[in-house]
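Okay, so subunit A shows up in both of these, paired with subunit B first and subunit C after.
And now, the complex of A and B:
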């Protein structure tokens, strides 16, 4: 490609040549001399006291270097804290090993370090743990009942938090009015369930810790999505100064949020390496990945919507019960909070109230997962829109049209405190309906039904509050980290650029995106920009780093750093061109005299050479041509869009067959359409997994029944329909370039769109698809109930 | 996910293999390894000894003679899929093989190994019951022939084989008439929630014989009540519906996370109809 207009170009991913040819380097590929291998003994029970652990036999085995039981953990080592600590939230963290009792199947109980993973796993068998089973509770609603087994005794009950959204917007106004619900012409109620599932990276978690006793330094090769914060927390928990910890991140085979969290194994390998003075490696296997990596989504929601008979929404209120799992993990109840904040969605709902309750259960902790509570909120909102439409006899598209926030109503202060910066919701809806040929579909539907073809059309509109977020607002939300991204851009003496970012690429093309933005703004070739990431000794600190929706923030940091470089280039160029700096401009990789008839200019390379020779720098300027900018966004950005899904239901088997899948996405100006489409494809596929296939199933004792891919079913390419993607572009008014986050948005609408389509297909039977995943067996059961 | 320690032997003859089975406690035969190896990695199976038969070259064959297809113990499933003999003499087996896992699995997996493992959700035990197939089981004491029905019926993840016996050959009588196969899986390549295999012969007055077997419960089952509803009938839609209803009620359906017992019975009804319609149409062409 020969262009300097890199923003908007379908530039191929620069990550691909290495990854596709197997030349990527993952944590499992890091083999330091003398590495020892760790295996983890995990709880086989959902809830039990630990009377004793006898590891004497294991310690005596050939090849075993260390066994870590709770007694072997140094006193100064502390749990990983919860960093989102809302007022009223119970206190807990993530310990290295279970302390006195186990609370979920898979909880680490002990660890073995040995010369090989084989020996380590053999030694696990030799550890004798005396468990005393306790009554387990695996249903979130049952966990809230009087007399339920208490999982964390110091809490007194299983309520991690009861947070109330009382209807206040960001202006401090409250329009919640309970009487409206009593007096409304129409009230619609719904009870919805979302199954427990999670992001399943192709690459499982893993970590290598390497303690250098001579220099007192711990080098950690990790798969953390947020290396800087990981360094801070690891150092704090190990009682080390932060300067003593270096975090290196190689290629990552997917993160999906669950690699944002801190885990027991991070502490265990570090403790072992510091004790033994050797590199220690733990690579999680798939079984461990499924049972002991954070889960997500699991919620029960109850909603009540008040409407006028013409379909105008008068209010929405409800209750969200989050199946938290055994304890609060790194982000606390954050996702459930976001559900409450997102549920008003695209609609003019001022009268709003939502109870958010997180209940501890004997299951793996539930925490960060792509979408972070947003998809759950959209599921609630969009199922309720369809239920209201049905009760009123309105078309589902019409009730959305009637209640949507209009393009001239931004900024919109939603009734849960979010501020939507921009969007054109009606245009997204209409464009999606047109692309799906909605009117024709509706006309055909009745005819097909007579032929025994049960076709359903499902609409789901969505907002995705992305680009977290202004640091002061994170502070206001008791979220103990910053929301900025920093970037250092260095132009070398030859005029080529290097971008240093604290963001950790997880497969979404961060490197390509940032190179594109830098090349565009420097006016140079993309191949002349290198992006450096994955080493906390070199890259700027980042407090957040959930990179899926963060390119917009990081991109602005790059742009602003380049603005400083360009200003300096003009100052240096002024001397070289013997012109006044005010008469110069920077464009196309050169400093030129504005409007000069004869082209008088110096290239970036020429300027850079002067900057490094430093023979004649402008007064006050230092040598080098580089700048660092830390960008803290003034607001979140609001991405939005609409999905329309068309599918057929086989009422005899419960099988669902997709006929069409239309997406309209508004993430503002698109930096790279190829990458945006890829992110949408992946997000939708992942959400269809949660809508139709994926579920962590526990029995009543807390035994996990889905510990392999034979039982935890991920969508494969035969399960994902072709998607037709269209864009609406409303730039964010407050970010340079107008970019909005987009890496998560694909996960927001599919659950509701599919459930709405299934319900629509079976409207003649009165089936309501209110529980995800909609498995064939579950759907067949609903059909049987409806048909008696 | 590393297996526990085990002793490994790679005999080059059947005699050596069965000798090892008889002289070693808790020995397991390794053929394609598509079930055994994952179970060992999960430490759900911990055989003390592995007898790897892949080096016994004279077990890798597929041949058809005297109206019988003979399949050696190390013949790969992908070889069955591509075999002209199987396509001509046992087309039901060829068709069902395409539903076994994915291509990469079939490239290693064997028919005999699948039978010896007897996962009730796998296609082969039911398909071979419908085809009236048998296996040759060899031990150091000699050999015996037993029907697949006797081999697998009433067993769950085990068979009627003794610990010192191995299957050396599967014999499938050449199929006559028409066949049908239908299964319902959550995703392409998954173990089916339920499935049905059928072979039907027609004569001038209607259905002369029928052989129907189903899988997806705790044990694959021959569905003789469905067969008797069909035999002697005209093979029309009423007869098929009656046979399907009987199949659903006779099938030993169970609950698991992929489907309730009721749902499985409903699927057996639907799948039996599909399989019988295909089989009857095929038989009418003969």
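And now, the complex of A and C:
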């Protein structure tokens, strides 16, 4: 490896030196002089109207500086908007405090600002709220029934939206044909459920707001994954000009999408800081993290697949009911929409139809979570593939082979409007089967069963349409932000580079990745590249911000900015070398004469020095050596792959033991294999949590029963198996470098792979694992039912 | 306001006295009174292990102890592992094997790994998984943490043998 071949290198992370020393700086670590602390009074009820709030006692307590009740919120402060507003979607938003009624346990009702968190919490106890309980509804299907309690009165009912995927592809063609379903040789039906779970970053949410009265500036230390959009919305909701707001992002202890959204506390600390003229800090505790950070995934799906008796799929149609929670949050029903768009998965399904219905329930809002609806769609698709195989008596691998989009069929226009740019689905499948030794496993399975070992093999293929991107398409989808990423690259007079990005590192190594890309393309050492992030005063605006799968888009912005810098370096170098610019090239950190026998060149540092002295710049060139490029991708990129899971089920206890976990992943060319492996491992572990353990459980009144890590179980060391990762590489044809999004893909297939494996293990009993999470008790119940 | 009491601790080899309320947990005193923010709080109810520190050489959860309970003890936090500018092999291994992503669980993981190797200097992967089950990581999927701990073990065994 030459020193400049940084792309593809297992470069150590530059994030690490601080973090392994305990010198990271997370939002809870920020202590500005004079900081006051906020605690939030949250609804103890799932659904109730608020008759009155008496905070007089709390206000009079020693050490209390302010109590915020709805009456204390300035009139000009508005709710945070929903940015994905599909036609027909009900009006909604995120208010600072509950307005007249509470709709879920944990909804903020009042806030106390005091000299310490301890005192602030004491004061919460002194606030007297008179609630009038209302009938609650916590089941999404019940919420849609006539006569169900209406949660948002102005909606008239609980339907946030009923969106129909009527079978149109991106070319405007529709191949939906209901008759095929009536006349098909084989019809397969499935009813599936995914439990409510979420990202649960180990670091809870938190924020510090610091109002500077003299300059009229609000500095916010926030963990928003999308700092620029956060700045836009915070300024708008507070009635401030956007120039008055600066968002600084410290280290983030995980985001997983949950920190992409805007939250009530963002408004509350800002209101308090502006009123008191002091920094105000709120750090959520774990209970708040579980009850009042967005949830995700909860869906009921009903599918019908029509097939020929040889296993050829003739059509897929279904209904997705999304358990939305109390109101639409920042991204509206976005995830459920993506479920509808992703469900055709890797298969040649032109005849497609899907109703997506989002139902309000008395639960925490459901919104952004790693994978964003995609894992739910893949769960539906891949469970249905296995059900079809079973009904036809086919091997689950065979039915997939038969229906997969072939490598020469790209771009593929799926029947829900998504465009797949590239991939090699069959190769991913075969590679995964081979790595798992599929044929041997199948051969052994019957024998093991004789011995009382119930081994199951589960396959799940997936697509992840990522790099969410072309802004006009976001516009077409009524998604009110841009899909670009910008980057500024500045070369200093010594030839060292600084990259400015709007991306927010959440742990996925963005800083390292972008430094690698920049060093590679400038042909300099990685240590000579600094990456600046986390300050909206310095970094380019991004409407999309960080998602695990955005590095590919940001990388292109860096590459294109560097292209401009190289072109300028060549122009300046031409003067220095007294050569024609056309005869020069930029390589290995220097400008040199092409094909010259004697090496004639000037280094980037020499060129940069000239650029700053500006004594003899080419006509029309300005001093400095820097460029900004805002890259708006022309299309989404399609990552894909296949997981094969092997596990044993203990039929006496319902316990699952992993035997093997094989992953084949195609995220295009890999910038840093170490980081990609880490992202895949983490994504799979998170999805296994949702598949086997994690669930927010509410009772009928809307009480949340899982408010600690004792009840809401995160996967631990012994719950997550070792994984074996293989790669297939099909570059994206339309992005520089061919990179595809990779940070989320690990979350897509595990749910279906595990459910398919469990179903396979228990095929002799006819158990169908159709509801996630497959907890031991749930599985034990299914086994009992099947064995009578 | 509650009355404050003086608490004396030896933290990372230095005696320190601070005032704190009797109800303040050790983690808050370390973080907010002594400025040692490397100790993190992930749950405040004893499940996640992010707040792990060593007390008189034993692993404890600083969210479950009141600072007044540990008067006079020796506490080692993540900030105390570096000696004469040299990182502990466990710290190095976490970086080398990519045993961390967001870094929030990392101080607790590193201390738990050190504690494990003290008791079992040459563990198997399975023993690492069983022993460290009290520490939760939401980012890595654990595999590379296991590799980090095993890597540190072989590094440390090489040095001592």
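Here is the rule we go by: the second predicted complex is superposed on the first by the 785 of 788 C-alpha atoms of A that agree within 3 Å, B and C clash if a C-alpha of one lies under 4 Å from a C-alpha of the other, contacts with A are read in each partner's own complex, and residues count from 1 in each chain.
Here, contacts are C-beta pairs under 8 Å (C-beta built on N, C-alpha and C of every residue); 3 or more make two chains touch, one makes a residue touch a chain.
Only a predicted model underlies this, so the values are computations on that prediction, with no experimental measurement involved.
A.B. asks: Check the residue A:17 against both partner chains and state whether it touches subunit B (first), subunit C (second), both, or neither.
C.D. replies: So A:17 only meets subunit C here.
A.B. asks: I'd like to know which partner A:643 touches here: subunit B for first, subunit C for second, both or neither.
C.D. replies: After superposing on A, A:643 lies clear of both subunit B and subunit C.
A.B. asks: Looking at the overlay, does A:259 come into contact with subunit B only (first), subunit C only (second), both, or neither?
C.D. replies: The answer is neither, since A:259 touches no partner chain.
A.B. asks: Once the shared chain is lined up, is A:118 touching subunit B (first), subunit C (second), both, or neither of them?
C.D. replies: both
A.B. asks: In this superposition, which partner touches a larger number of subunit A residues, subunit B or subunit C?
C.D. replies: C
A.B. asks: Which of the two partners, first being subunit B and second being subunit C, lies in contact with A:285: first, second, both, or neither?
C.D. replies: A:285 contacts both subunit B and subunit C.
A.B. asks: Touch check for A:566: first (subunit B), second (subunit C), both, or neither?
C.D. replies: In the superposition, A:566 contacts neither subunit B nor subunit C.
A.B. asks: Which of the two partners, first being subunit B and second being subunit C, lies in contact with A:781: first, second, both, or neither?
C.D. replies: Touch partner of A:781: subunit B, not subunit C.
A.B. asks: Considering only the touch criterion stated at the top, classify A:710 as touching first (subunit B), second (subunit C), both, or neither.
C.D. replies: A:710: touches subunit B and subunit C.
A.B. asks: A:363 in the overlay: touching subunit B, subunit C, both, or neither? Say first, second, both or neither.
C.D. replies: Touch partners of A:363: none, neither subunit B nor subunit C.
A.B. asks: Residues of subunit A that sit at the subunit B interface in one complex and at the subunit C interface in the other, please.
C.D. replies: The answer is residues 118, 285-286, 708, 710, 716, 718 of subunit A.
A.B. asks: Mind listing the subunit C positions that touch subunit A in their complex?
C.D. replies: That would be residues 1, 21, 23-24, 31-32, 36-45, 47-48, 50, 77-79, 81-82, 87, 91-92, 94-96, 98, 100-107, 110, 125, 128-130, 132-146 of subunit C.
A.B. asks: In their complex, what parts of subunit A are in touch with subunit C?
C.D. replies: 12-13, 15-26, 28-29, 31, 62-63, 118-119, 199-204, 251-254, 256, 285-286, 506-509, 674-675, 677-678, 680-686, 708-710, 714, 716-718, 720, 722-723, 746
A.B. asks: With touch defined as at the start, can you tell me which subunit B residues reach subunit A in the complex?
C.D. replies: On the subunit B side, the touching residues are 1-2, 4-5, 38, 42-43, 184, 186-191, 193, 257-260, 262-263, 266-267, 270.
A.B. asks: So in the complex, the part of subunit A that touches subunit B is made up of which residues?
C.D. replies: On the subunit A side, the touching residues are 117-118, 121-122, 125, 285-287, 652-655, 693, 697, 705-706, 708, 710-711, 713, 715-716, 718-719, 775-777, 780-781, 784.
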